[in-house]
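What follows is a group of structures, each given as structure tokens.
Okay, so chain A shows up in both of these, paired with chain B first and chain C after.
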Partner chain A sequence: MDKNIFCTPNPVNDKEALDALLRDKRGQQYYDEMKRLKVDTAALQKLLNDTCRSRIRTWLEICAHCGMCADACAFYLSNDKNPEQVPSYKIQSTLGEIVRQKGNVDNAFMRYAMDVAWGKCTCCNRCSLYCPFGIDMGVLMSYLRGLLFSQGFVPWEMKIGSGMHRIFRAQMDVTVEDWVDTCEWMIEEYEDEWPNLKIPVDKKNADIMYTVNAREAKHYPDDIAEAALLFSIAGENWTVPSEGWEETSLAMFAGDWEGAQLQVKSVYDAMDRLKPKRMVVTECGHAYRATVIEGPYWAGLKSGKTPVTTLHYVEWVAEALRSGRLKIDPAKKIKEPVTYHDSCNYIRNGGLSHIGREIMSYIAEDFREMTPNGDHNFCCGGGGGLNGIGKYRQERNTGQKVKRDQILATGAKLVITPCHNCWDAIRDLEETYKIGIRWSFLKPLLLDMVIVPEHMKPKEE
Partner chain B sequence: MYNLLTGPLAWISFLIFFIGILIRSSLYIKGLDSNIDRVTYRVNTLFGIKEAVRSIFFWLIPFSTRGWRTQPVMTLLFFIFHISLLASTLFLKAHNMILQERWGFCIITIPNVVSDYLTIAVIVTASILIIRRIKLPQVKILTKRSDYLILIISIAPFLTGFLAFHQFGHYTFWMLTHIISGELLLIVIPFTKLSHSFLFFLTRAQLGMDYGIKRGGMKRQKGMAW
Partner chain C sequence: MFKKILFATTGTPSCDAAARVAFEMAKRYNTELFIINIFGIPSRSFSQVITDLRTGDEIDLHDDQLAKIKNKLERRYKQQIRDYNTPHEIVLTDGIPHTEILRAARKNEIDLIVMGARTSTQENTGAVNRHIVGRTLQSVARSARCPVLIIGRAAASFWGGISNIVFGTDFSKGSNQAFEFAFNLTKMFNASLHIFHAIDISSGPFEFTKNQEVIEDRIREVRGMIRKRYISKMEGYNDYEIDVWEGIPYVEIVKYARESFADLIVMAHHTKKMAPPEESVFGSNVEQVVLRSNAPVISVNHPARQKKIDNQ
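On to the complex of A and B.
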């Protein structure tokens, strides 16, 4: 039997291995190798003994099999109420079995568990609000992902993502130099129109340290420029760190807890180094979840909080609008019907539902809520890493039907999505279902609406 | 036989019941781990307690959570079943007479005719819960043989008590099976899914603390919209 090259329990820790894995197009060889990957049952059992404690064991045990979680799940509803999509079934038939069998499971079982853990659940945690016992199947699924990762049963893209974080401290191959260059490039790119634009790098004791999603540096650098413009218009004393600038965590989606720890520590180190008063995270949901909500635990911070107070971008926007540092030109408010998509990671799991509504009250004349919304909002279908996994593309597309119908019911053609994964998912949703909608982050919309102070205005030729 | 069942065996089953609850609850709390669960149970605890109390409270009131409101039939079944089960057991005149005789105290009692209706309600709702398990695909797929067994163990004392009270057939037979099935129920509660009767409060509190301390509790405006 051939030895596995790509699909092994070992994480990707060096660039050579990463490049080789990337060359394996769509993970063909990787998934072939997975079919013969041996389950190290002793290691799995040890991991269970060390980490599977009363919370998880009790959740799995007392589940009354009542089925009340079924209708909570966007995937169950989108898949014509297929009973195999009932959250309790998904977790009992995977993690439940592993725990009951004390880790004595085989290769086929682990591959089934992988299909469920990444292809049928986005860890949106919505079902936790519908279980009378408060069983959080998103948390259980996330724990299952950790077990699967430790054995090498993880989708190809997730393995790559985790490797990226381990090597680059970013979800993409963006080095510190690339990042700083991008900031400088954006200043040049915008200097004709915005001659005073600055992106201060590594400024100590700033009021705000701003951190981003590596996709912005790699694919959407305008987002960085837009953030810089809005900070300048609001008169903020802000900076970006040269190292520790990346907030996202594909490692979290992959169940790579060690990688996730390395990633958040790079951001916390930047906080220690630059001593900002506060940190602001870009318009990304899982980045906020990873670095602000879960991260302190991975890094072993006893307070359960980031070293300095952290705001999601929407919190900063609301604060700037509230205090008048950002002023909206009433004539430029959004006139058409507009809806707001709640990202699970900072709404249900971050408590910021009211902030989105506050922002909409400043910028939109015809704001239409989706039903349900806020803490009870449905996932866009692309959370938990699912957006990025080719193997489960069809599952993702089908899972978006609930969101599609929610948007259609509002009658709005513009969807505000202050989250990268949701933004992508809703873009793809339009591509798949062609319902005639547009989607946007807050930044470009705000830039069109905000009153620009005289000193920032472009010089007349 | 009667003396044995209501004497030493009753003692044993009550002891197992209470000690079992105590041990399982302590083990649950002892097994909670701030690092592994990623919830600082001991830091910002007040935020956690507040949401824990809300989390339990809202789920105890019919139709007060979105989950209850979106599934009204299940909610009615659930509450009628559980309230009837507890009320008919605790407030039954005959049970309180025994308490008075043995321990010199009793809880409030309800008229026998009310207990009768409550008992019927337990049996009827349990039967619908069984039909629900068989008929609804989303429940059927979750159902195991043990789920039926547990439901049968749970309603056996009610069925036998009802038959004994109305003296259908052989009174002594039904009375003895009533006592045996009641004692069996007490014994299995701590070791089966029926442990939810007390672990409900702990798991709900845990999730409340999770949302209250970590997942937005300190930023959420009005507390979690359970």
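On to the complex of A and C.
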């Protein structure tokens, strides 16, 4: 039998291996190799013994198979209530089985578990909200992903994503030099209209350290400039770190526990180095979850909290609007019907539902809630890494039907999506279903509405 | 005057006229030519699959695919590459087109960007979906730190002797930069400079547009402004004309350029904000002029790179 080159239990740790994996078009060879990837049952058993603690075992044990979770799941609803999409079934037939079999499972089983873990669940945790026992499906599914990753059963793009974090400390191939250069570029780009704009790099003891999603440096640099403008307008004393600037974690989605720890530590190191009073993370949901909610545990911080207080971007926006540091021109409020997509990772799983509403009360005249909304909102369909996985593209598109219908029912044509993944997913949703909507982050909308202080305006001729 | 030219192309017929100019100029001024093609826009989030800008199909980012795209571009410009024998470099990238054009221009210290103006939406299905059509030209012309030469109609693609340069001004800050550039070119080619302003009567108050005397007073006033602002800086160079007409600005500039036998139109593209996607195709005077004029149009907005060239 040929030796596996790409699909192995080993993570990608160097550029050469990463480039080789990238050259394997859509992971064709990778997935072929996966069919003959041997399950190291002894290693799996050891990992279970070391990491599968009473909490997970109890949850698996007490699940009453009551089915209360079924209607909570966007995939169950958009797949004609297929019983195989019931969350409890999805976890019992995968993680439950691995635990019951004490890791004694075969290749076909592991590939089935991978299809479920990444193709039928976005870890949105909506089902947990309806479980009478409060079983946390997100934790269970993430744990399952970790087991699968340790054995090499992980979608091609997720393996790449984890490798990117290990090599670049970013989800994409953006180096520290690229990042700093992009900041400088954006100052040049905006200097005519915004003569006093600055993006301070590595400034110590600032009030705010701002971190981003690598996609902003790679594809959407204006997002960085927009953040800089809003901080400046609000008069913030802020900075970005040269290292530890990337907040996201595809490693988390991949189940790469070690990679996730490396990534989050780079951000915490920046906090230690620059000693900001607080940190603000860009409009990205999973970045918040990775760094604020899960990260402290990965990094072994006993407090369970980030080294300095960390805010999601929406929290900073609400605070700035509330305190009047950002002032909205009443004439420029959004007049048309507008709806707000609640990102699972910082709304349901981060408790910031009220913040989204507060912001809308300042900026929109005709805010239309989706039904259900807030903590009960449905996932955009692209969470948990699903957005980027080619193998499960159709599953993702089908799963988005629920979100599509939710948006349509509001009658709004503008959807505010303060999360990179959701923004992408809603854009793709429009491409697939063509329902005639627009989608936007908060930053560009706010820039259209805020009152700009005189000292920031260019001198007119 | 130009040391490095960046030709931004979709690799489709709508850029053929611009290609002719780009190669011709590179040869004539013995410059380095960078040919940039942004073949796809990010899709599927962080993954390696992107959306083809022209067809809307999904394509993969990998070496074979890149080689294929490069090969296709080389075939499209085979004749120019052979005839002009200019040193050139093909830059292929995925991303948001205007972002990548501006990034490449900055990185390679480009002196002039040459672009075509899209004339057919059918050619760019993938881009239409993402509201990109029309925005690329607008964004590049607005933000580039170097002049942007835009070739709309095929008739505008014959870059030869330059005898008549039309400089259209709206007295904005960008127009000051555009004037400096136009005047430098005029001296270089020993050409005639036609300084032109159109008084916009399409959007003014009714009382203003009704009264021809008021318009003519305004014309006299503007002629004075032109003398003060531009002629005073022309160091005695006397091959120039000043004309101020009333009408719809872009129509008047196109008419004026035709009557002046313009070989080139220089304007500033200083729209502060991007027009909404549905309007961006016809978003500004510059774009309207580009689409209608028989002469190539150079948009100049920023001083930075231009000053650097002058100092060399």
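Rule of thumb we're sticking to: the second predicted complex is superposed on the first by the 460 of 461 C-alpha atoms of A that agree within 3 Å, B and C clash if a C-alpha of one lies under 4 Å from a C-alpha of the other, contacts with A are read in each partner's own complex, and residues count from 1 in each chain.
Here, a contact is a pair of C-beta atoms (placed from the backbone, for glycine too) under 8 Å apart; a residue touches a chain by one contact, two chains touch by 3 or more.
Note that the coordinates shown come from a computational prediction; the quantities given were computed from them, not determined experimentally.
*Asks:* Is the number of chain A residues in contact higher for chain B or for chain C?
*Replies:* B
*Asks:* Looking at the overlay, does A:D207 come into contact with chain B only (first), chain C only (second), both, or neither?
*Replies:* neither
*Asks:* Return first, second, both or neither, reflecting whether A:D115 touches chain B, chain C, both chains, or no partner chain.
*Replies:* neither
*Asks:* Applying the document's definition of touch, where does A:E258 land relative to chain B and chain C: first, second, both, or neither?
*Replies:* After superposing on A, A:E258 lies clear of both chain B and chain C.
*Asks:* Which of the two partners, first being chain B and second being chain C, lies in contact with A:G351: first, second, both, or neither?
*Replies:* In the superposition, A:G351 contacts chain B only.
*Asks:* Classify the contacts of A:L250 with the two partner chains as first (chain B alone), second (chain C alone), both, or neither.
*Replies:* Second partner only.
*Asks:* Quick check on the superposed pair: does A:T51 touch chain B, chain C, both, or neither? Answer first, second, both or neither.
*Replies:* In the superposition, A:T51 contacts chain B only.
*Asks:* Examine A:Q171 and indicate which partner it touches, taking first as chain B and second as chain C; both and neither are also allowed.
*Replies:* After superposition on chain A, A:Q171 lies in contact with chain C alone.
*Asks:* Where does A:E294 make contact in the superposed view: on chain B (first), on chain C (second), on both, or on neither?
*Replies:* So A:E294 only meets chain B here.
*Asks:* Overlap of the chain B and chain C footprints on chain A, residue-wise?
*Replies:* none
*Asks:* Touching chain A in the complex: which residues of chain B?
*Replies:* Interface residues on chain B, with respect to chain A: 27-40, 43-44, 55, 59, 65-67, 70-71, 74, 78, 133, 136-144, 147, 193, 195-196, 199-200, 202-204, 206-208, 210, 213-222, 224-226.
*Asks:* For a test of understanding, state which residues of chain A touch chain B in their complex under the given definition.
*Replies:* 51, 53-55, 57-59, 61-68, 70-72, 76, 81, 83-84, 86, 88-89, 92, 125, 128-136, 139, 293-294, 297, 300, 302-304, 315, 346-354, 372, 374-376
*Asks:* Spell out the residues on chain A that touch chain C in their complex, using ranges where they run on.
*Replies:* Residues of chain A touching chain C: 22-23, 25-26, 157, 160-161, 171-172, 185, 188-189, 192-193, 215, 218-222, 250, 382, 387-390, 393, 420-421, 424, 427-428, 431, 461.
*Asks:* Show me the residue ranges of chain C that touch chain A in the complex, using the header's touch definition.
*Replies:* Going through chain C, the ones touching chain A are 42-49, 60-65, 95-96, 99, 102-103, 106, 129-130, 143, 145, 171-173, 272, 301-302, 304.
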